[in-house]
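In the two complexes below, subunit A is the common chain; its partner is subunit B in one and subunit C in the other.
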Partner chain A sequence: MKLFSGWSLIRAYTLLVYVWMFTPIVAVVLLSFNPQQFGSFPMEGFSFKWYVKLAHNATILTAFKNSLVLGSITSVLATAIGIPAAMAFVRYEFRGKEAINTLLLAPIMIPEVVLGVALLLFLRWLQQPKSFLLLVIGHVVLTLPYVLLVVQARLVGIRKEYEEAALSLGASPFQTFREITFPLLAPAVFAGMLFAFTISFDDVTATLFWATARNQTVPVQIFGMLRNSISPEINALGAVMIVLTVSLPLVAGYVSRRFARGSQA
Partner chain B sequence: MLKKEKDPAFVKFRGIVKRFGKVTAVEAMDLDIPEGALVTLLGPSGCGKTTLLRMLAGLESPTHGDIIIKGKRVNDTPIHRRNLGMIFQNYALFPHKTIFDNVAFGLKYRGIPRDVMKDKVLAALEMVRLPGVENRMPSQLSGGQQQRIALARAIVIEPDVLLMDEPLSALDENLREDMRREIDKLQQDLGVTTIFVTHDQREALSMSDKIVVMKDGRVQQEGTPIEVYNNSANHFVADFLGHSNFIGSTVEAPENGRIRVRLDDGSSFLTNPSETFNPGDRADIVIRAQKFAINHRSDQGELAGMNVLSGRIRERNYMGGEVSYYVELANGEVIHVINLVKRNPFRRGDDVTIAVDPENCRLLRELP
Partner chain C sequence: MTNGKSWKPWALLSPSLSAVFLLLVIPVCFVVVYSFWLRAPSGGDIPAFQWGNYAKFFADFFYPSLLIRTIRVALETVVLCLVMGYVPAYFFYRTESRFKPVLMILIMLPFWISFIIRTLSWINILGDSGLINHLLLKAGLISSPFSMLYNEGAVLMGLLQYLLPFMILNIYVSLDGIDKSLTEAATSLGCTEWQAFREVTLPLSLPGVSAGCLLVFVLTCGTYLPPMILGGPGNDMIANLIFKRIIGTLDWPFGSAISTLLLGLLGVIVYTYNRYLGINQIFKSLR
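Presenting the complex of A and B:
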């Protein structure tokens, strides 16, 4: 009787969902340690061969460097633009506020293909060649809405009285921002930067339109490699990507909790 | 000791109007705040009292009119150059700074040397009776303690004016009274000009040097607590400052500085007029519920010189120290009476007389 109770069915169902979601990912990681060229289960041995090969692949390494640089610049720029914008939307009243806010959040709703083509056409209209700068601008457009949302949400929760108290005590608006608003906002700023970095680091669709041969990012590189052959190197690269994108938020969460505890004591 | 002459208009509001879009929050306000006084802005929510305070603070700017502090027009002075101390309803202590850094915050921008700063902060904490908490975080203190820290933070900068926006309303009932006395004492010790915004008439009556009663962005009456309570200028003030009865009447004739009026039920009252009336004028007698003395109808005591009505108790609410009665008169009018609890409180259905001294029967012109 107990075996077929509602709860055990739900448990079994949940398990199936997880298996369905994670089997491909686990397969990629496992196969990256398979020494055979055409990997299949059961695996015949264990080796770091593909990782070593990866580490000597100059194209991949360049792409990796590109992705890191692009992600870092994007996250810094997106937060640098996002914080003042969020301040304006949450703290001040001005004409057309709703419209501008919707416009800034629009890139979330617009298909990336459209965004990709649109920016390319715009560049053509300006008669400029594709460049790294284009990638940066594009990625900032892609990630800004997320930064804006995270920072705005946090800012709404920070009572205006803190800032008003600081002002009344003689701090200038800038000093108030530096001493009060920014420290209280820091977790959201950090989260926003992380968001921006991961989105930029992961993006394929729009980046395909914007990247030049010299400015390939890792996901675009993988996409290109798949077109030629399914090399097990890709499995290794995939495993590295997984470790990176999973561990970064975890580490960040741990660091921010440590910070929070530090300021409590 | 030779005291410096106090400025009777240390803070001046001149023709202040504040509009938010189409809504007028403050309408043609002229107000003087004397130096060293504790002035309360009292009124229901939406009466413009907080807006007025925020304009003085520099958090809002007036649509028209001038704000003058110490003889200097401050309309164009930004908030951080006005040297004001501000206390908020929700304390607004900086949650990420220690108590020491919170209190020292204002001193940092006044170029005060580090060691002097420390002495000042510790003295301020002493003054609000919370010594030794300087290394704690705000979240580790209770609401009452946090508000005292907020007070310390505001007074340590020696502000020209101390502004308090409903500082007690977030506190528990029993804590509120302690905190109120603390603020009162501190204000008197320091002699700092203070503006206190509240909707609580008891707070206003108990601690103010001057009360400004506001409604719909206009001053209804200003004066000492005794003046506004006993000589309320209009129906609104009379009602807002305590439970008042309004009884319709017709003016008959003056009588020894009082005015005799005829109530609608035919009885005759001597009243204490707020202005001049002519015979035949319609007027409302305003009587506070606490001013009536209630007696059994059979028990005719010393009622000489008193105004007397008789009726039957409709409703009785026991409130511990006091009892609130609703007495229905013969013509169906209901009078609210609050009396201290005696040995045998009256019961519903008792026939009673209620008597009131003419002194406590304020005569106001009837509302149009």
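Presenting the complex of A and C:
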């Protein structure tokens, strides 16, 4: 490596940015084990007390179930409608392609608060009450552009020639899809679903507009708890969320690499 | 094979297009339409076409000052993200460390952690009994906790925590596309490392820098969580006002008018950006 005088400064600076970024996150996890009544420093021992308390809190357990169900439905729906669209962009040339791509990615650039208001207003005009369906619809709209981006990036790598070879060697279109296209597509489907799930599981800005007392998600629940004060229970809940949403992509990445190695052997 | 008049791509696109049209384009049009309606004293909405809601917004200095504060805070966030983000992005571009993939994953990790947790985590750091006050008290540097929460600085910490990864990734994507032999050529022709950076690398990284700035600006304008959790009464931004009008006082027409103003402002900025620089750079980094 070419060492120039500033390089060590650059390294130190980068390290400081990491420290800045991760100190608050580490603090949440650490403090969740603090048995003290107020979730603050100094640490006075180590206990699972707040986790036990969480596990007995029915409202939070319901919110967790809601978040899991909502995230799963959202990831299936967003991927199901996102993958065909991504294929259209990668495989075909058609008029207005650029404009349509921009239109489908537009939700990223629309402020989430406006998205929240817009869907709620539409519902009000239709004279429908807030429901779980609203959350599903909203989350599909929120996650679709990200699914599209991730899946499109993966699809570019899949060459059309494989399918054409299978077809020309006598495979039926269904066989081709089952034996060639789907296995090649699977990592893209998986990545899209995972991305949609985490966005849905974590979203709070728009979800606060759509949630009701009966349809709470975990972030909405945390928001409600914050109204009182920051309790160690919030830190414990935060730590659970961090471990869950961080380990999911890491495990998924590991599994898919394992699969890739397996199929090469 | 892929002829231009084929119906196939349209069939593949139709689910996404109808979803975005029905659930995004039409609802956003509704916001604009509602912004001209009247609010009945009973709380109902009366269809109308009048500029009263906008007149109310600009009637005194209170509401416009929120808009101005939003723009100011968003610009501050952009500048701080740039200052904090360029060096790490450059580090990723130049490093040959075998830990580079791990370091890159670490910078992506905050994307996977809930926004509300990242925001509230600053209370543990900046609060009266937070980490900084605890350390300062223990070291004997201060005798009573020193108040750092509920001001604009705390709000900026929350916003930076949320947006810095977006900036770093945008800059990195742009830097990563630069052929390293260009800087080598510059140095072998007698440039110093610093000159080569200033004359070659920096200008070539500007598309990523500007894409990052736009994304950070737009996302800051659309969020209300950091001011709500980390800010005081004087730190509300325009999104907080929308939240309060819609969820708090249920004033739909006025809330819609504010949303329309925000949408219009960002629309003009994004349109101008796209006109001169092209919006697609932004989407590259999110892959």
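Here is the rule we go by: the second predicted complex is superposed on the first by the 244 of 265 C-alpha atoms of A that agree within 3 Å, B and C clash if a C-alpha of one lies under 4 Å from a C-alpha of the other, contacts with A are read in each partner's own complex, and residues count from 1 in each chain.
We adopt the following convention: a residue touches a chain if its C-beta (ideal position, glycine included) is under 8 Å from a C-beta of that chain, and two chains touch if they have at least 3 such contacts.
Keep in mind that what you see is a predicted model, and the values were worked out from it rather than measured.
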item	value
Touched partner set for A:A171, first subunit B, second subunit C, both or neither	first
More subunit A residues in contact [subunit B versus subunit C]	C
Subunit A residues within the subunit C interface of the complex	1-2, 4-7, 10-11, 13-14, 17-18, 20-25, 27-28, 31, 38-42, 80-82, 84-85, 87-88, 91-95, 100, 102-115, 117-122, 124-125, 137-138, 140-141, 144, 146, 148-150, 152-153, 198, 201-205, 208-209, 218-219, 222-223, 226, 230, 234-235, 238, 241-242, 245-246, 248-250
Partner subunit B, residues of subunit A touching it in the complex	159, 161-162, 164-173, 175-176, 179-180, 183-184, 263-264
Subunit B residues within the subunit A interface of the complex	57-59, 78-86, 88, 90, 92, 94-96, 105-106, 108-110, 137, 139, 150, 153-154, 157, 163
Subunit C to subunit A touching residues, read off their complex	2, 4, 6, 8-13, 15-17, 19-20, 23-24, 26-28, 30-31, 34, 84-85, 87-88, 90-91, 94-96, 103, 105-107, 109-110, 112-118, 120-125, 127, 129-131, 134, 161, 164, 193-194, 218-219, 221-225, 229, 239, 242-243, 246-247, 252, 255-256, 259, 262-263, 266, 270, 279-280, 282-283, 286-287
